[in-house]
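There are structures below to look over.
Look for chain A in each of the two complexes below; its partner is chain B in the first and chain C in the second.
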Partner chain A sequence: MSLLKPFSKLPCLNSANILLVESDEEFQQSLADALVDETDFTVNVRLAKSLPLPVENEESRPRIDLVVFIINLTSELSFQSTEASLKYLDPGYFLGKVCFMATNARNASVPTERLDAVRKLAASLHCPLLFAEDQTPDGVANATERLLTILKVAAGLVPMATPLYLSNLTRCTVPLDIDQPSFD
Partner chain B sequence: MEAGPAPNGSTGQKNMSPVDMLRIKQQMSNQCFEMAVQLNAGKNKRSCSTSEAERDLPDYVTELEEVKTNYFNSTLALHRMQMWHAIGEKLKQNDAEADALKAVSNRCMGMCSHIQQIQKESRDLQNEITDVQKKRLEMKRLTHEKMKEIEELMSKKEHPDIEKYKAVLEKGLANMEKYKKITIMTQNVLRGILLACKVHWLDDPKLRDLVMTLEEFPVLD
Partner chain C sequence: MDDPSQRLLRRLLRRIPAGNLKTTLEKWGRLTAAQWRTIDFTQTKSSIVQMLAFCAENEFTMKHITELEMMYVIDNPNKGMWYAFQLIDPEADSQSLELTQFKEQFKSHLCELVRNVSVKIKKHTDEAVWIRIAWGDSYSRPNHLKPTYIVHHLQTPYVFVTGLSPKQRPLVSQALVLSSRYHAIKAANLSGRNLTAIRDLLMKQYQQVFPTRFPSPLSERNQSVSNPQIEREHAGHKENRLQMASETFGDGMLPQLQSSVYKLETKFRDRANQTMTEREEPFKCVVKFASTNLLESLKLCVSSGIASTPVTPLLSSIPLKGRNYFVITDNGPAPSSQMPLSQN
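Our next item is the complex of A and B:
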């Protein structure tokens, strides 16, 4: 099994590498375009549909600072693909270098169980869960900003903050009544 | 499948300012720290359940927070001292900038004394207001008390006298009735006698006065 390891390569200077994993491959592109507009430091965006990553690029790939799993809440396939990809990630990543991003949370066709399942997944792995709105440029800009904040910490660009420390503050928590039936 | 790498920004040799270099140095030290933590993580291995770890976690986080806050406060204090030192040094050299600094600081002093004066005035006014309010409250209280007293008196007036002296009053009234009857009878008797005697009462002043007190005494010729 080829695990993606966080510390197996040397880091880059004044830049940050982010990997966006999305099985639908829709939001990735607009997010990537917005992310590279950052000027203070260089942002390298890698896109993937799922893990494991192809072996051919193993050598040229830089060290990944942050892995973002984009889950489209309206499709069950997206969630399952994410769950499957998690196995190919080295445990070292889960100390603050993984982030979950959920889209289409406001859609009426989303069953509440899926949202709860995503929440439980993020909470059990101690990772932050962000909600993004991918249809409007404003939504994309907001999501980019939040991702950049986490990315800066993950790449070590923020003095006095490490990704592990930040993950303690941003981790997703599950409310105690999540298994109760909701109003429907 | 992995797409080709997105546009790779060049970190070519643009003009690196000292600030940029410091930033990069910070980044490197952060990354080294992370890797050192990762290496050390494997050393002290002891097995404990996740719930135990969860319980201990907030304590460690609080400790970290405290240390960070202390560090931040000390840095702030250090910056303050450095600033004041720099300002002091600048003022010592008497050039245009020092004059500007002096002018600004004089203005600040003027405004501060103005502020103090206004604060004092407002404090005095506030005290006056409090005094007036106290007096008003006192007045209200007194008025209230007086009203209560008046109400008490008004309700008290009827009962106690009647209660106590009822019996005596009745007795007195009965007595008065009795004596009235006696007087009327005596007057009637006197009238009868005077009539029967056919006395000329108009001539005698004393008799005349007496007759005036009797009612309906016919004038005899």
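Our next item is the complex of A and C:
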């Protein structure tokens, strides 16, 4: 199985590489355009629909510092595709180099079970779960800012902070009564 | 002007939307210049009343009103449900059929079969023959309020019909078959609201994409990413999917189909549900896909990866065979067919 490994290549100077994995391939485009506008350091964005990544790009692909899984909560396919892709990541990534981003959380048609399932998934992997709004430029800018904060740490550009340390602070937790029915 | 004509005219004027009324009447050209000037087209109700008055004045008969209706329908054919039929087994001289011959024969055959039927035939500029039939029987005059419209392109085996009741169908079939020199007619299993769409689909008059070894024009089209810092991992896969979708469904403006219906008569298959799977009889169910533009939606499903490629024959038969009604049955253990479906 072709796992994506976190430390098998050398890093580049003053740059960070982020991989956005999204089954719908919509939000990742606007996120990518906003991410490359960062001026403090060079951000290289790679867009994928799912893992595993094609073997042909293995040579030219740089070391990926942060893998972001974008889940559209209104689509079951999106969640299933993410779950299937997780198998192709080397376990080394789950020490702070993976992040989940959920969109359309405010949509009324989202079943609560799916949101709970996403939270449980993120919590079991000790990864942060961000919620983003993808339809407005403000929402995109917001999401970009938060991703850049995590990316800087994951790429080692922040002194005295490691991704494992940050993930300990930002990781998703589920309340103990998540399986109890809510009173809506 | 007699009562049925007035009723038809009133109904027709109400049906024509205000925007088209002026152009249609202009094309009709039967109002005098003076009458034309006095009609105020900004107010629909009063223009209807004025029209009725003028028609009474000019003593128009049913013939003129049906002419107007036909003109309107020819210009706006995308209303009502159209069904496609195909003529099969041509005789030797079916290709050299002339318009006048067809017209005379059709009229005479139909009038032999049904008394009191009113037939109007007109040839449109794009080689299509339009036939309007108002049905009556031995006891009543033709009912012009529920006409049947038939469109036939000479030299092709395709016929499109709207407003035909099941009782009238064998009469029309017989008249068509005899006058167009074929042996039989069958339903083409294609229907839709848009006459131009089903015609384009059957006669493949939309932009086709042919398999090519070097699809470089398509890859240039996807150039939304020009930033060197952004890299797509699955660019090749995406191009492949887009190419396959375009090859199956075509390119550019696709014909606007509204639905496709699959009538399943296959056995129930589910490993988890033994009680249902054990039954001998086929599990009958109907699956219907509906959309404002079905072919565009299916193409998007394939190009975005929701439908797996290569495109399943269930979907690709729609543009390939030009039909949108399928009956799917289990095949017996026949070695020749690899897919467990047969379409009748």
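We take it that the second predicted complex is superposed on the first by the 183 of 184 C-alpha atoms of A that agree within 3 Å, B and C clash if a C-alpha of one lies under 4 Å from a C-alpha of the other, contacts with A are read in each partner's own complex, and residues count from 1 in each chain.
FYI, a contact is a pair of C-beta atoms (placed from the backbone, for glycine too) under 8 Å apart; a residue touches a chain by one contact, two chains touch by 3 or more.
The model shown is predicted, which means the values in this text are computed figures rather than measured ones.
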Request  = For A:135, select first, second, both or neither according to whether it touches chain B, chain C, the two together, or no partner.
outcome  = neither
Message = Contact-wise, after the overlay, does A:77 reach chain B, chain C, both or neither (first, second, both, neither)?
response = second
Query = Which holds for A:165: it touches chain B only (first), chain C only (second), both, or neither?
reply = first
Task = Please indicate which partner A:47 is in contact with in the superposed arrangement: first for chain B, second for chain C, both, or neither.
result = both
Query = Which partner does A:8 contact after superposing on A: first (chain B), second (chain C), both, neither?
reply = neither
Ask   = Regarding the shared-chain residue A:57, is it in contact with chain B (first), chain C (second), both, or neither?
value = both
Task = Classify the contacts of A:156 with the two partner chains as first (chain B alone), second (chain C alone), both, or neither.
result = first
Touching partner for A:32 - first (chain B), second (chain C), both, neither = both
Inquiry  = Taking the superposition on A as described, I'd like to know which of chain B and chain C A:92 touches: first, second, both or neither.
reply    = first
Ask   = In this superposed model, does chain C or chain B come into contact with more residues of chain A?
value = B
Key: Contact residues common to both interfaces of chain A (with chain B and with chain C)   = 32, 36, 42-49, 53-54, 57
Ask   = chain A touches which residues of chain B in the complex?
value = 1-3, 5-11, 20, 23-24, 26-28, 30-31, 33-35, 37-38, 57, 61, 64, 68, 71
Inquiry  = With touch defined as at the start, can you tell me which chain A residues reach chain B in the complex?
reply    = 6-7, 11-15, 32, 36, 42-49, 53-54, 57, 60, 92, 155-160, 162-165, 168
Key: Residue numbers on chain C that touch chain A, as the complex places them   = 224-225, 227, 229-234, 236-238, 304-306
Ask   = What does chain A use to touch chain C in their complex?
value = 23-25, 29, 32-33, 36, 42-50, 53-54, 56-57, 61, 77
